[in-house]
Amino acid sequence: MAIEGVMRSGHVQIRVLDLAAAIHHYTEYYGLILTASDDRRAYLKGWDEFDHHSLVLREADEPGMDHVAFKVRGENDLDRIEGELRERLIAVTQIPAGEQLGVGRRIAFTVPTGHRIELYATCEQVGNGLPLRNPDVWPDGLKGMKASRFEHVLLYGPGVEATVALLSSVLGFVVAEDVVTEDGARIGAFLTAASKSHDIAFIEAPEARFHHLAYWLESWDDIRQAADIIRKKNIAIDIGPTRHGISRGLTIYFFDPSGNRNEVFSGSYQHYPDRPTITWDAAELGKAIFYYEGRLNEAFLSVTT
Amino acid sequence: MAIEGVMRSGHVQIRVLDLAAAIHHYTEYYGLILTASDDRRAYLKGWDEFDHHSLVLREADEPGMDHVAFKVRGENDLDRIEGELRERLIAVTQIPAGEQLGVGRRIAFTVPTGHRIELYATCEQVGNGLPLRNPDVWPDGLKGMKASRFEHVLLYGPGVEATVALLSSVLGFVVAEDVVTEDGARIGAFLTAASKSHDIAFIEAPEARFHHLAYWLESWDDIRQAADIIRKKNIAIDIGPTRHGISRGLTIYFFDPSGNRNEVFSGSYQHYPDRPTITWDAAELGKAIFYYEGRLNEAFLSVTT
Amino acid sequence: MAIEGVMRSGHVQIRVLDLAAAIHHYTEYYGLILTASDDRRAYLKGWDEFDHHSLVLREADEPGMDHVAFKVRGENDLDRIEGELRERLIAVTQIPAGEQLGVGRRIAFTVPTGHRIELYATCEQVGNGLPLRNPDVWPDGLKGMKASRFEHVLLYGPGVEATVALLSSVLGFVVAEDVVTEDGARIGAFLTAASKSHDIAFIEAPEARFHHLAYWLESWDDIRQAADIIRKKNIAIDIGPTRHGISRGLTIYFFDPSGNRNEVFSGSYQHYPDRPTITWDAAELGKAIFYYEGRLNEAFLSVTT
Amino acid sequence: MAIEGVMRSGHVQIRVLDLAAAIHHYTEYYGLILTASDDRRAYLKGWDEFDHHSLVLREADEPGMDHVAFKVRGENDLDRIEGELRERLIAVTQIPAGEQLGVGRRIAFTVPTGHRIELYATCEQVGNGLPLRNPDVWPDGLKGMKASRFEHVLLYGPGVEATVALLSSVLGFVVAEDVVTEDGARIGAFLTAASKSHDIAFIEAPEARFHHLAYWLESWDDIRQAADIIRKKNIAIDIGPTRHGISRGLTIYFFDPSGNRNEVFSGSYQHYPDRPTITWDAAELGKAIFYYEGRLNEAFLSVTT
């Protein structure tokens, strides 16, 4: 009972052109905590996460996302989901424990949009920097924007409808909000595993691309401070501070040194299974994405990695 | 999968001495929406709730709580839970659909602390004042503190440990945070059904009493505005604005005209089943409850209804 | 001693195409209080101002600014300043008391940028909606963005340097911040009468135009709420929420129904005469005006009334 | 014209029992910048102040205030004020330039409440950590509460009415708000030099004592963060976060290691000479001082240094 099966977006592995530059960006400016690194990959977490990491940076020749992984409640969930995927003739790859530091065995499959989705049940806990007994409300030494927890990714690709069908039926995701054309075709979907407004979102596009990853900030005032830091540190800004119509989230978008888009996100609502799906007409996409501007900026549609 | 079984604290029915005065307090100042009333009871909801109500006011000679009800995901959850309760020889009362306006059948039982707990699966949806297609971020006409959704209740009574055991084993609640004496006795427990830091909390006390009900506000700035309204309208304040150590929530406590304690609450964290339980020593109860003051005010322990 | 001579920007009179539509915009959305109107003009004030009005709307065929008026401390300041202007061979017009409702005699002159500047010493006080004895912190019944006090105007025109020289020498204005070209020419100036970061600002341009008027909001959270209202009410937005490099002010720009630009403004600093002037290079104008975006939007330079 | 004569509260010199402990408190927690120190005194400033210091800590056997000093616009103001004081047969002490590091000559006198008031016109400028050309909105490296500028002191002593009369007539202070008994006796006065809601305040009491010094924070969210720091660092809290009725300021009170009371303060209004004086009845003193609590805590009246 309570939260079962897929709990949340657990980590995302992205490609960066220069590992050292990326680590600097994600620790000093985004405010993540570096928990481990080797010459190929670096592992980072939001300060208020207990698991070993929620972001993996992998040095590569091109930016983009390797995979996004959801954490499930138990090892048996992995077996059950693997079985259901295979029943649907979907190829499943098994990744042994330890391939990522601290993470147990994972299973991986590809959704119709072309993105690799992974699932895992166990991860070493390193804690949130506070004791489990009589803790303070935040630890000393936080930096930059103080991103506190991994929130979601947004992906571009073909076959949003089929991807939603798969994630809903096998993984139990719920469509919190979606975007439909005049013909009724669903060209955008924001899916939640449990209570976040979205753990993952898809926008229909010709090929599989990575749009952004988001971490949580505590308030609109922290969004302002993030904006100050973006300017002070000459980080490439995309848009914001602004608000989404979809999710009502308070937001600012910017880019890491490799061109991967980052978001810091706050506000929004708590989702439950009896909350009705909110639908946006494609004609209102501007307001849906950037509530204040009422229109998309060019970068939103064209710049992905 | 995802959120199953008990989803959340769904509604609370409390007793008030003067129904008209209570309606005025909860609509004009707390900012709830009145959805229905008869000469005995009034039904209210937070603006961002879709269900018919989350607060029922019943006119009576003494203040206090009649019951708190949790919403489960499906009717079959009611049958299953009723069966598990009866197996444990716990008396279960069946309440027919319609006893509360808009609410389906409920089952009720009493926990060791002496409080009546109810469960229900269906409730008429009246919406959150916004269209389901291309909605704005909030509706016009909100009043007072703009309480947006029912958050939790805190109850005083004997037998916290046994109550926690029952709610955990049968209803699937998880202890997010608790308070223990030097001897290891648990004298306080904050339980979550899904992802809130707590849906219900108990403090060990000689008899069953109602401590407070809480609704959600969006920000610390809204807590300040609530404080302004409390003073402007001569509402009896208890304490705040302040912060809890437990849950890290931002808060202010005050009283309705009948003496029932209200809270407005913001901040806090998102709970998942793999988040470790936080434990507070009874010697640190002051910091646990009122993080800034570092000690309890006298009213917190002594004033209940 | 203390604040002498010119105290602050006291009121601005602007032209609107439809008086009723303008009144609706400035009261329901901007949140000003209508204190009087006739068939030609409407008088409005921010809720926390004591004087009869700070904004006068005059129905006309074209939008724009009639004049901006500064309030001086005493009637003798008017005589002294009139004398100093005439000594410089600057034409001064005397406007009798009562030409604007509640306002005493005014003197008017034209600065090199082509704008009409007025001065007055007395204005009927209507209060801020709170008693002078044991007041609450804000009155009931505030609407929309709750603009609290007139902050400044920004004007476009030729001869910024000469205008600054005149306002500094005769009216005692201080340049808090300015913008200079590579050649050292001053193409922008932000002038303060006393302690605001600016009471009036000028940007060099070929002809006399009105860029915007600004009122004060209490916080960044109020700026967010203003942005929500702009979208909900389909008000034409220009840019924001964002921040200025000049003044560090938190801001959002939008338009009244006649196309006059409005700003709501918060944050910034307190100016004193010993604060050094901050200078911006024209090459950094983007960051100076819109700190987060780092560049001007096209409207900022081209849309004026 | 503009701001003339006394501009603002410029610095305060207080006594501390342990200079190193005090420096640690005021730099690491309060967030001031240490600009100089010798074995007797330490000089500190708020980050957004340009002058060399606004707080001087002097090691001594007892806590309390040595003097508070107002900065005047010019050296001639010192001569004029000294003359006016002597005409009133008030003893004036001349302090040579350099007695405090970076500060020009000062004059000192004692007001009826028994406190030493000083005036000075010149102070070395060390800047606010940002360039004067194309600055960012805040410098890197700020600590703790990030106190940005000296705001005011509140003093207890006998003869408030006479003190107000002297400061008004000779120094040009204006009473922004006051507190009167049923008999009409003024037992509290909040005086402004220019545009702050108060630069200095007095409460009638049997002997000359120091109640608190206050620095400015930018927002209510910064007040919350200050409260977090107070608890995390085990700083002795007095009361708050709360709001004043007088000045409407958002506030929290706490103590330095020597027992001197500190305040961080935000919000409030901009004062101009034509703003009417707000008067509070002594019977409403609770609401006047602590708007939310509606009553004084015992410490407010009894704990002074």
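Each chain gets a letter, A, B, C and D, in the order it is written, and its residues are counted from 1.
To be clear about the criterion, contacts are C-beta pairs under 8 Å (C-beta built on N, C-alpha and C of every residue); 3 or more make two chains touch, one makes a residue touch a chain.
Computed from a prediction, not measured in an experiment: that's the story for all the values here.
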Inset, instruction - Give a one-word verdict, same or different, on whether subunit A and subunit D use largely identical residue numbers at their interface, taking over half shared as same. - result: same
Inset, instruction - Could you see whether A-C or B-C has the larger number of C-beta contact pairs? - result: A-C
Legend entry - Chain of greatest Cα-centre distance to subunit B: C
Inset, instruction - Would you kindly tell me how far, in whole Å, the mean C-alpha position of subunit D lies from that of subunit C? - result: 31
Legend entry - Cα-centroid distance, subunit B relative to subunit C, in whole angstrom: 48
Legend entry - Whole-Å separation of chain centres (CA-atom averages), subunit A against subunit C: 44
Legend entry - Overlap residues in subunit A, where contacts from two or more other chains coincide: 136-137, 219-221, 228, 231, 243, 287, 291
Inset, instruction - Please name which positions on subunit A make contact with subunit B in the complex. - result: 1-8, 48, 50-51, 71, 73, 77, 125, 132-137, 149, 171-174, 192-196, 218-220, 243, 245, 248, 267, 269-270, 272-281, 284, 287-288, 291
Legend entry - Contact set on subunit A toward subunit D in their complex: 136-138, 140, 219, 221, 228, 231-232
Inset, instruction - Name, in rising order, each residue of subunit C that touches subunit A in their complex. - result: 220-221, 224, 227-228, 230-231, 237, 240-243, 250, 287, 291-294
